[in-house]
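Both complexes shown next keep chain A, but they swap its partner, so chain B is in the first and chain C is in the second.
The block that comes next holds the complex of A and B.
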């Protein structure tokens, strides 16, 4: 599990100041509690990964971080989530601005039924990130390149994105999210439909993003978590079982449940 | 045997068939259901179907055939020289129908004996008075020819119906016994029941298709008769609508089409923006409780009969407009001479269409997947940006389909324009003036006691057919667009 990139990163680590700090977060869907008392510190300029069996609340927690749960009527969030010291659930905070800052790639690819170009240009346009058409073209191309999809779509920028394959759509959604250059990028299983080559390219992107952004990734691949992240959080049945340095979690976990999940005995 | 006797007999036989065959089948396997091919209820149903359906089919087919045959027979009995210009055959026949119906009523009441009616030699004294006291009124005094034809019609009907009824019961009994031989464990009762059900459903569907086809065919047939009497060039390319029942009518559809399209356009101008905005509000912005109240309310609006809207146009909205724009009115202008006008009908029709547009668009907007909204919000878009840039473009084809459907309803709408639009057929541009539409003219050409043998009445069919073609075209286009749009997400 230990691999080279991971060790390199460990060595030149600056003591992390936390970007997001969540304290005692509880989430309810109607009467059903989906998250119990979750407290996590997410570091700046680092990758944090969330792992855990299906239905344990990883996506739910991720959606709390940019208030996407607001769009679900029955969802109720309690507790405190601070982004650079500010409570994001404070009534003063505008969720729209928050989401511009905290971008998200969803678990299911959801390209708009527009052209590939318009999909990527959507965010930059509404936030006024490009003044001229050529600026916009540049943003689109750069985003597509970084999401490792440029070569596949450069000749069909004007054809509908919904006509692409599942894996291509997934990368279009990644490109769409990074085109708005958010501070924090939340990625919900961004590689679930990708082949090993595309996966490696996306992981490269994540590594590159880490330098300037803060990345949170949900994954079902232990190897991926070990490869890309500095910190790992293990969720089980709505609780945060263990949170710590990735190396520690994968080599010497504190909790027996973590160990049995990682070794494939529960999940 | 009377018809209700047949009905009760069939009921009893069906009941027996179900339980007897179920019982017999169970007996062959000594109550061990697992040895049966199908569940016992299917054996019962199979017998029930065989007992009832052949008999019912016989009843229906016989009744149709009988009425046609008897009509033919009776027609032959009426002497040639009795038919005149003033009393053509169809008038005489309807007189005969009414009289034989009256005789039947008298016999049913017991005022008259059936043998007396059927027996050619017996006299029917004071039949007029008896009929009158039974509530049957005849237009003129009864001539001997009509009376004799009616009597023979009565006799034939009585004989035919009674034969039919006995035969139906017989067929039912035969079906019952025949079905009992299927009470064996190996018989595939379930498959048989399935097949009979399929046949019934197929018959229903075929009937539905044939009725529509029949309507269209009869329209085409009558329209062709019209084009035989009136030049089609005048109908399609003329410029004047001036029917006169003496001679020399000018019957062109164009001025009517102009009025129809103008009024429909005004109606869409009112209904599309309001309906669409209310749909957007309801599906994207309204809170749950508001939605729970507003949606059913809109649907109730859609259920108001159009005549009520017509009355509203005639008695409230038209006069209100006139109060503002009319002679000596509030604004001191003289733009409106009658409370009927394009605006009156168009706006009220628009009100009628608002719930239609709104509920169709609401369905279409709701069909846009939530994940697209999430995608947009996740990029930091506001609600209105999401609506404008993601939801509406995604829903656009469907919304266009909804608008086309609304247009087709507007074009075919009748009651509102009859009461609100007026009767002036011309190419006028002033929306405060009265105009007329295709549907209004159809109504006015066919009001009164008419014979369908002049171009002035038959033109209604040509108008109707054209209208039907237009709305059919719009509907097909709309459904095509809506379907194509649905495919995107399924």
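The block that comes next holds the complex of A and C.
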């Protein structure tokens, strides 16, 4: 492996507070390279956002972080992604266990066609987080409260989650993801299917979640990235162009491509 | 270009638009025509089946008081069952003719018919009916008992309008005099046409007794077939589909399997029949004509249908549901069994029922493995040995009847088709209802 490049890159990173560190990640779909040499350090208890034009690889990279790309047969990942120092692509790692630790919220709200309660309770059930019914009830309530949707659904826990509005469904999905107490929460454009009011609610929620989780969010909206995140990564054509403090990226970017994107000239 | 295109008022319809609209109208007409032709054919089919088949459900019966004469049935008079058993059904014919004569006297009907022709009015199954009754309890000898017998198929055919006096002029099976007599008996109520439950629940009968033939035993055979098919093809088919759809990697090997399965679904059923004959009977030496072999052959035939429909319904489950479950840390198997399978279940169920309905109506492979067993015992004797005793199946029985010479059997073939169609319609309706009921939206 190219140890030399690792050392070079590590020199400008801040070890100790990073939760995930990705080094030279390349992703191929068959022969097409979707990600080129991406290296990122993601901090704990902070929100990191990935921005960039469509097809730039930001979602692909997010899906590498909990190995969701494994489900795509033609997808091949090289490089190294360390979660608290452990290589998650090590053959000895079970992706199922990893995904319990790294929760995910998807672009389109995708509640199970079951009751609200069953949606939230499913994760804790399969991971054996609750021994008794009352434990489970407590987890469900806690998760729904943290996702700021408890008041709206507390009287209809047994009605189907698919009957709720889009914004409510997405918050149910967030509650479902945090019910398994993951360390990291990945969000893939969680607000793209929501109206401004629901978006505001979810953003508020992300801000609260930051205290307990390491949140990584992919977004199309630069305003959203500016509002919710501490760090921002800008992807373009499969490579990571710039990564740094959100404020710096939006006010004084180093790379001309970042500036063009932020100001609306490309993308 | 834009100028010339848009210069006219919207009220002036351009030639191009006119052509387009005409084409659309023509296409609609073709569609309506196609549907009308289809409906017309269906109507013709349904009417033909109903017109020809319903008469099989009715049969002419004759009610007679029979003297169980000791002088004919138990000459020694000691009620020894072994001696009484020596009297064959042939020995019962005279008492039947006697009973007939008594009935005629009672109603003051005179006839020129000889003994044989008189007895010929009654079905050939009548003597054994009396014999069975006597052998059940030998002390019945000497009593006078009221029996209800089937009327001979030819006479029954006259009452149903199949034969006329002219058409039997040269026949050795029936005569105009018999028809005269039957008209008179019909008038006094000795003979009557009634619903015949034995057609639905009874066993097949020999060539001479079409009036006694029923489809009941074949129905039991079909039931066993379906049991074998369901038990084998549902778990095998669903397991194979889940593996192929959810677990197997896409490569040349799975592609070959996929093509093979699609091809198998299109293989003519008779090929499965000859395969069953070669493998299950000649090589594995499973008993011939039995539902187990028939079921195995039909399973081979049904499996591709079930696999294809199951895979289609698994495919129709949105990937977002799989992502959601996997993202929560569920294993592949948990994802499939907790989320994908319940959502695909209505589709799987429908596919299975339709596959089973196909198998239920299949006759060609059954003919090849000899599942046209002639079982003459009535229920429940026939169902005791179940899967390993020779039997028939409904479509095979229908084929068997249609092939016999006597038109009375053809009538029964049509009647059998009605029963088969009722089963198929019930199954298909069930499929639709189940799908409606369990369909969940997401």
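Convention: the second predicted complex is superposed on the first by the 247 of 267 C-alpha atoms of A that agree within 3 Å, B and C clash if a C-alpha of one lies under 4 Å from a C-alpha of the other, contacts with A are read in each partner's own complex, and residues count from 1 in each chain.
As a working rule, a residue touches a chain if its C-beta (ideal position, glycine included) is under 8 Å from a C-beta of that chain, and two chains touch if they have at least 3 such contacts.
Because the structure is predicted, anything quoted here is derived from the model rather than measured.
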- After the match on chain A, would you call chain B and chain C a fit or a clash? clash
- Between chain B (first) and chain C (second), which does A:122 come into contact with in this model arrangement: first, second, both, or neither? both
- Which partner does A:167 reach: the first (chain B), the second (chain C), both, or neither? neither
- Tell me which partner A:253 touches in the superposition: chain B (first), chain C (second), both or neither. neither
- Task: In the overlay, answer first, second, both or neither for which of chain B and chain C A:238 touches.
- Result: neither
- Message: Once chain A of both complexes is superposed, is A:113 in touch with chain B (first), chain C (second), both, or neither?
- Response: both
- Query: Thinking of the overlay built on chain A, is A:52 touched by chain B (first), by chain C (second), by both, or by neither?
  - Reply: neither
- Message: Output check: A:190 vs chain B and chain C. Expected answer is one of first, second, both, neither. What do you get?
- Response: neither
- Candidates 26-34, 80-88 or 98-106 checked on chain B; the stretch that hits chain C is 80-88
- Is there a shared patch on chain A that both chain B and chain C touch, and which residues make it up? 66, 68, 71, 73, 96-101, 103-104, 106, 108, 110-113, 122-123, 126-127, 162, 173, 176-177, 180
- Query: Considering the complex alone, what residue numbers of chain A touch chain C?
  - Reply: 66, 68, 71, 73, 96-101, 103-104, 106, 108, 110-113, 122-123, 126-127, 162, 173, 176-177, 180
- Message: Using the touch definition from the top, list the residues of chain A that touch chain B in their complex.
- Response: 66, 68, 71, 73, 96-101, 103-104, 106, 108, 110-114, 122-123, 126-127, 162, 173, 176-177, 180
- Mind pulling up the chain C residues that touch chain A in the complex? 249-250, 318, 320-331, 334, 338-339, 343, 440-442
- Item | For the chain B and chain A complex, residues of the former touching the latter | 288, 369-382, 385, 389-390, 393-394, 488
